Amino acid sequence: MFARAASPRVIPGFGPTLGFTLAYLSLVVLLPLAMIPLKALGLSGAEVLAIVTDARTLHAIGLSFGAALAAAAVNAVLGTLLAWVLVRYDFPARRLVDALIDLPFALPTAVAGISLAALYAPNGWIGERLAPLGLKVAYTPLGIVVALIFVGLPFVVRTVEPVLEALDAEVEEAAATLGASWFAGFRRVVLPLIGPAVLTGFAMALARGIGEYGSVIFIAGNLPMVSEIAPLLIAIRLEEYNDAAAAMIALLMLAAAFALLLTINLLQAWARRRIGG
Amino acid sequence: MRFARIWFLAAVLALSVPPARAETALLNVSYDPTREFYKEFNTAFAAHWKRAGGDAVRVTMSHGGSGRQSRAVIDGLEADVVTLALGYDIDAIADIRKSLPADWQTRQPNASAPYTSTIVFLVRKGNPKGIRDWGDLAKPGIGVITPNPKTSGGARWNFLAAWAWAEDSFARDDAKVRDYMAALFRNVPVLDTGARGATTTFVRRGLGDVLLSWENEAYLAQQELGRDQFEIVVPSMSILAQPPVALIDANADKHGTRKVAEAYLDYLYAPEGQRLAAKHFYRPIHPEFADPADARRFPKLKLVTLQERFGDWRATQARFFTDGAIFDQIFAKR
Amino acid sequence: MTLLAPRRSPLVGESATTRRVLLALALAAIGLFLLLPLATVFAEALSKGWGAYFEGLADPDARAAIRLTLLVAAISVAVNFAFGIAAAWAVTKFDFPGKSLLVTFIDLPFSVSPVIAGLIYVLLFGAHGLIGPWLIAHGVEVIFAVPGIVLATVFVTLPFVARELIPTMEMLGRGDEEVARTLGASGWQIFFRVTLPNVKWAALYGVLLCNARAMGEFGAVSVVSGHLRGQTDTMPLHIEILYNEYNFVAAFAVASLLALMALFTLALKSALEAVTENPGR
């Protein structure tokens, strides 16, 4: 893009907008979040070691990551499918379905959790159909995955949709020359193009899932070493008046989320440079 | 942006509804199962206070898990009075926030507990698994629902009641008591964070065969959610649960509400307060003030007290429920 | 428009059968993961009929919760909209070192656990927090009062507008703005005449999502609210209170109202898009 070549800044407003952005971010995000490392600093090295090697803490963090990872993977496939269908096919109530995709953003997480628990409990509408198959969802780690699928569903759909909308004639020609099945065309032509968007959506769903609390605690079962998620453990540590331990676990989760997001943004910046340059 | 403006206008309009008129406001921070009781008690107290020549009083309630509520008061929720599930949660306010004296429990009669309760079993109609006593809870194939003792006051009473029974049954053999507790918690499929959550799991989600519950909560669940679906089983022995009340001196003095707050707590011990407690399935400490029909509902059973069996709450908390203490050890073993 | 006709010429000519299968799968997934939970909310809300439903909504505490929720959402949307515009402008119109880091910080509230989001405000403004004691001594209530609820909501909903605007403005490039500048337009003129018309759908979508999330936030607000009925209860918290009082009909009635408000705004956005000739977001 020629903007990169024009090194002197033509467009006005750099100072005020960046200044406001930085000030606002510092006040609303960075300063409050700085409380977490500040509190965790109150711990001695041995205490930190005890917390980060505690089996229960590790299990809770592992569960939060594992369940979020599984849910994000499901959402990557499901989200791509939904985006494909919503962008490319016309069917009655398409716009309504499209609007419905954002429901998980809007419904309070606690309401989602209660509804999902009601549906998947052994006496619920879905649960009683799964029970004869020996499948337990509510009050098991599987229930956590279901809740996180619900919570993370919009991310992949919303990142892939615009890219599919923008696919143009060149791609069409390339696909046509391949002839073969639609799936081969999809895999070889479309997938590489929407890949970064799918990955972004996947990572956002993952990042959101790791920290999710409200919808999960109603369906998880909350048993230590089985179905206890990291945010619940933080809440428990707080109720034990153990703020430093809570902050330490929070710090671990924050660091993980930050690393994850930074990776996505660097990837995206790299992809932009590669395409734009 | 136009959107933002419309929402903003709507909000301003909605908020311009005149606020409540000047009156004395009292904040009572309480735990989960007292909702129905205090709803009625607050109305009764407001009428009483007015008859006694006081201002109009409006009591605001905040309910939640006892531990979380205690934590909120420590963090600055300006409760005039607290009415929590167990003494430790008020001890913590005294120890950490220092907004009431450490010996708060001696300021009101009966260790500051105007009503008591105990722990009983709620089972499904007809008691299909034949659950009669604490020993049955540890048998294989029984689903036991209790909240998490880490976050729920009621669950701590549950735990201590089971522990006390096991001590008596196994001649205080510590290893056997722990084995029993581990077997019991092997039968627990869900640990909700509060008593209300556990009741909902048992009643609405159909999980488990028995709910360990406050006696008042069990009666209420039966009344609200289906008398024909659940039965209360009274075990051979249980624990005397004493949910205490206290004035938070620093907050009441700041608000200038000490007099009315003290009167509020005193009224819990008055005939009307005692009658209402019994009506809402709490055992009044003066049964003579209860409606005879209400008083008859409480079954007689052997009750051990925390004091005689475990000592005070600070010691009990440290022995059983802090990080790495007996509850964590048992749970790791299960 | 016939059922299952492709909306545009097929990229990779899937057969009609494939199209049907894909659509059936997509609709099944929507039904299972989105419609069923939503239907559960309405089924519970209406399980005792419309009378009980409206009784639940007419309760003074429910009305106070609705008012508080609207106020909190209005403030959060307004400030985060201003922030979103400024941040998107700075990030997409200029190159500077550390841009990826900045964008990551903008994203961060997305992935911070609501429990942590509440915790940081307790550690900051609580009676034992960093500046809480000083504020309390000066009679300023933040936590367990409306300001704390607003702050937590602003934190949680911060990324939405910026996140929608940044990719769109990135895609549009800087050419239009630069031409406008050489023609002598001022910064504000460029923004209102050139940039804003191009990104209005993205901005609207960001505002709608921000608003929906602000109205529905539970975890973070729960930590800083204090749960004072009729005072610091937002709609999601009031739902929890009602649920815990075994008042399931009223709880789900308020929940359904919240879902309806969100669905209505989202459907409105879809309709607006449909009637304009510019359907892209």
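Each chain carries a letter (A, B and C) given by its place in the written order, and its residues are counted from 1.
Just so we're on the same page, a residue touches a chain if its C-beta (ideal position, glycine included) is under 8 Å from a C-beta of that chain, and two chains touch if they have at least 3 such contacts.
Remember, predicted model here, so these are calculated numbers, not experimental data.
> Most contacts: which chain pair?
If you count contacting C-beta pairs, the leading pair is A-C.
> Can you name the chain that lies farthest from chain C, using the mean of each chain's Cα atoms as its centre?
Relative to chain C, the chain whose C-alpha centre sits farthest away is B.
> Indicate the whole-number Å distance between the mean C-alpha point of chain B and the mean C-alpha point of chain C.
Once rounded, the distance between the two centres reads 36 Å.
> Please report how many Å separate the Cα centroid of chain A from that of chain C, as a whole number.
Here chain A and chain C have centroids separated by 15 Å.
> Find every residue in chain C that makes contact with two or more other chains and list them.
Within chain C, the residues that touch at least two other chains are 129, 208, 243.
> Residues of chain A that contact two or more other chains, please.
Expected reply: 118, 232, 235, 238.
> Find every residue in chain B that makes contact with two or more other chains and list them.
Within chain B, the residues that touch at least two other chains are 74, 96, 197.
> Enumerate the contact residues on chain A facing chain C in the complex.
Within the complex, chain A touches chain C at residues 1-4, 6, 9-14, 16-18, 20-22, 24-25, 28-33, 35-36, 38-39, 78, 81-82, 84-92, 95-112, 114-116, 118-119, 125-126, 149-150, 153, 161-162, 165, 167, 171-172, 175-176, 182-183, 185-186, 189-190, 204, 207-208, 210-214, 230-232, 234-235, 238, 243, 246-247, 250, 253-254, 257-258, 260-262, 264-266, 269, 272.
> Going by the contact rule set out above, which residues of chain A touch chain B in the complex?
55-56, 117-118, 121-124, 138-139, 217-218, 221-225, 228, 232, 235-242, 245
> Would you tell me which residues of chain B are touching chain A in their complex?
65, 67-68, 71, 74, 92, 96, 148, 150-151, 188-193, 197, 204-207, 322-323, 328, 331-332
> Spell out the part of chain B that touches chain C in their complex, as residue ranges.
Per the stated touch rule, the residues are 1, 3-4, 7-8, 10-11, 14-15, 17, 27, 32, 35-36, 60-64, 72, 74-78, 96-97, 194, 196-197, 200, 221, 224-225.
> For the complex, which residues does chain C have touching chain B?
66-67, 70-71, 73-75, 77-78, 81, 122, 125-129, 132, 136, 143-144, 203-204, 207-208, 211, 226-231, 241, 243-246
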